[in-house]
Amino acid sequence: MIVLFTDFGLDGPYTGQVQAVLQQQSPGVPVINLFADLPSYDVQAAAALLPAYAAGFPPATVFLCVVDPGVGGARPGVVVKADDRWYVGPNEGLFAWLARRSDSVTCWQLPEPDGVSASFHGRDVFAPVVARLARGGGVTGEPVTAECLAQADWPDELFRVVYIDRFGNAVTGVRATSIPQQASLKVDGQVVRMANTFSDVSPGETFWYANANGLVEFAVNRGRADAVLGLKIGTDFSLQNEGI
Amino acid sequence: MIVLFTDFGLDGPYTGQVQAVLQQQSPGVPVINLFADLPSYDVQAAAALLPAYAAGFPPATVFLCVVDPGVGGARPGVVVKADDRWYVGPNEGLFAWLARRSDSVTCWQLPEPDGVSASFHGRDVFAPVVARLARGGGVTGEPVTAECLAQADWPDELFRVVYIDRFGNAVTGVRATSIPQQASLKVDGQVVRMANTFSDVSPGETFWYANANGLVEFAVNRGRADAVLGLKIGTDFSLQNEGI
Amino acid sequence: MIVLFTDFGLDGPYTGQVQAVLQQQSPGVPVINLFADLPSYDVQAAAALLPAYAAGFPPATVFLCVVDPGVGGARPGVVVKADDRWYVGPNEGLFAWLARRSDSVTCWQLPEPDGVSASFHGRDVFAPVVARLARGGGVTGEPVTAECLAQADWPDELFRVVYIDRFGNAVTGVRATSIPQQASLKVDGQVVRMANTFSDVSPGETFWYANANGLVEFAVNRGRADAVLGLKIGTDFSLQNEGI
């Protein structure tokens, strides 16, 4: 299975063009769009989502991961094998938390692209590597150590909003298991208590909960947490007693 | 064939995660996204659309139907077999009109979910049932009568806007065959006459017509009916002589 | 391979309904969504994009092309075979530049549709023709000359914005090879210089470049060209010395 984890959008041609390459170079391999709307240019947000949302996929799944503010620049592409799943994309931090949270990590650096578009490495550089891995071909890059993965210095949990879904729920970069189970959170001066799920609070009430992928998420029963709490991608928060 | 009929959105991970479950549990069965943007929390709107848009699908199609304001709450899931197609989802009214308009209806109640996420039953509860049906497995629930389906008291036709498409056309919950063929409609004090299709009226002119799935739809030739007529999801309307 | 090139949107039922027809009538043929959000009613914009974005697809690919402001009207559907790829859609100008830029062009006119919806020819008329071609069936229409294709009088290059992507980049209808390589462009009184790609200019700086499909595109490194330059679909521009 191939999984797309990008900021390419479903509108416009980009995701379709990547799928066309995959279809031609690894025909018959199913392609799942996991995220096509990762926050543009925000590598850290995508990096915080990746291990949480990749965890459910079977061994040998190949992820095409692209949030690439530096497209056309000098950063090299990498292939990461982590806990029997494959990841391909630019080495700008996207794999920082994935590597740290995996039991086994192996890395390869892709050769400098040559004779391809300067602006669409997802289609021209990374998709062919993904297709090759998906059809059981080997890695063509040069082995490097996991220390080569960018942004190894990021903190263990990311106390900010990294994604807002169509219901207005705000996903964060904090694993729910990393904070006290009944902790209250503080965001922009407001205190938000924990609940198990939507139906456990009254309509219109705010809460946080461990979402279906284990991340702390701000929500409102039958309402929009982004509007009620004034949340945007990038909004910081803290445990109630640690202040912001 | 599996058909998704949800409010999960194509943005974000939800539809992709459901597709990943289906891909693993019923590999090779094609999955069609019919609606991923049903109005959030508006079960009645989705219920009005379902029989009109399901009608064109072949026997044995399995529909995953989720608009679920009560997620995490006590409402049980159901499997509905109606006129040789299968439907799986929460029993909150989504199947009210479908059942009423089908010649044969059989129902099963799904067991209480156990050991799954509290917030994403589409992925964790309903998708596995859909996959099992799609690969020809039996129903695992308990047979119940069609009277168990929620909201059997809803009126036969729903005189309100239930969906607005990207062109600004406003789909309603009224079957075009249920009203006089040349009837004019009244919405927010404005009278809207019937036309056969877009090119039958002048550019900028409003009209209603029987859309390609048999529902009454407000439209404007080369314009946006939602903007011109001030329509939103939920806007009521009536036959001209019955007043609102 | 079947490619969808439409203004149907991914939201709402239209693309899904077309895919359901294709799945039933040409099972197993992969379907790629290239564009589902072409500018509504703007046939000329779509026509300028088509040859640039179709060029990468393999021989025998079948394109379903629909931007159809005249739906329900008298315009006939056509099948175009151009350089070994197939194109099916309404004859309102969509194939004007494609035909002009192809080495070999053959055309057929589709029979008047009968017994189908008045408003959704994409699903009811064109999709069945596409499916038949994709499964290797013949063309059912009547051979006509390429001179029958509408809008043969459009200029060779279209100096206006034809698409704005989710990053705010503005694609135009001008092939980069048709203008001097280092030319500056003038749009709304502003002069925009050429660069090779995003990382070649400073963050926030505007430039134009030959995009990954060979078209002139306005962009801003880590910013939105539409906002910075005030661009919309339809905005005209010129070479710096030719004035607007």
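Order of writing sets the labels: A, B and C. Residues in every chain begin at 1.
Everything that follows uses one rule, which is that a contact is a pair of C-beta atoms (placed from the backbone, for glycine too) under 8 Å apart; a residue touches a chain by one contact, two chains touch by 3 or more.
Model, not experiment: these values are computed from the prediction.
K.L.:
Could you tell me which chains are in contact with subunit A and with subunit B alike?
P.N.:
Intersection of subunit A and subunit B contact lists gives C.
K.L.:
Can we say the copies subunit A and subunit C touch using the same residue numbers, with more than half in common, or are the two sides different?
P.N.:
Comparing the two copies, subunit A and subunit C contact each other through largely different residue numbers, since under half are shared.
K.L.:
Report, in whole Å, the distance between the mean C-alpha point of subunit A and the mean C-alpha point of subunit C.
P.N.:
Whole-Å distance between the two chain centres: 31.
K.L.:
Send over the residues of subunit A in touch with two or more other chains.
P.N.:
10, 37 - these are the residues of subunit A that touch more than one other chain.
K.L.:
Could you list, by residue number, the parts of subunit C that touch subunit A in their complex?
P.N.:
1, 3, 10, 30, 32-37, 53, 56-58, 163, 165-167, 196-200, 209, 211-213, 222
K.L.:
With touch defined as at the start, can you tell me which subunit A residues reach subunit C in the complex?
P.N.:
Subunit A residues touching subunit C: 7, 9-17, 19-20, 23-24, 27, 37, 40-41, 69-74, 117-120, 123-124.
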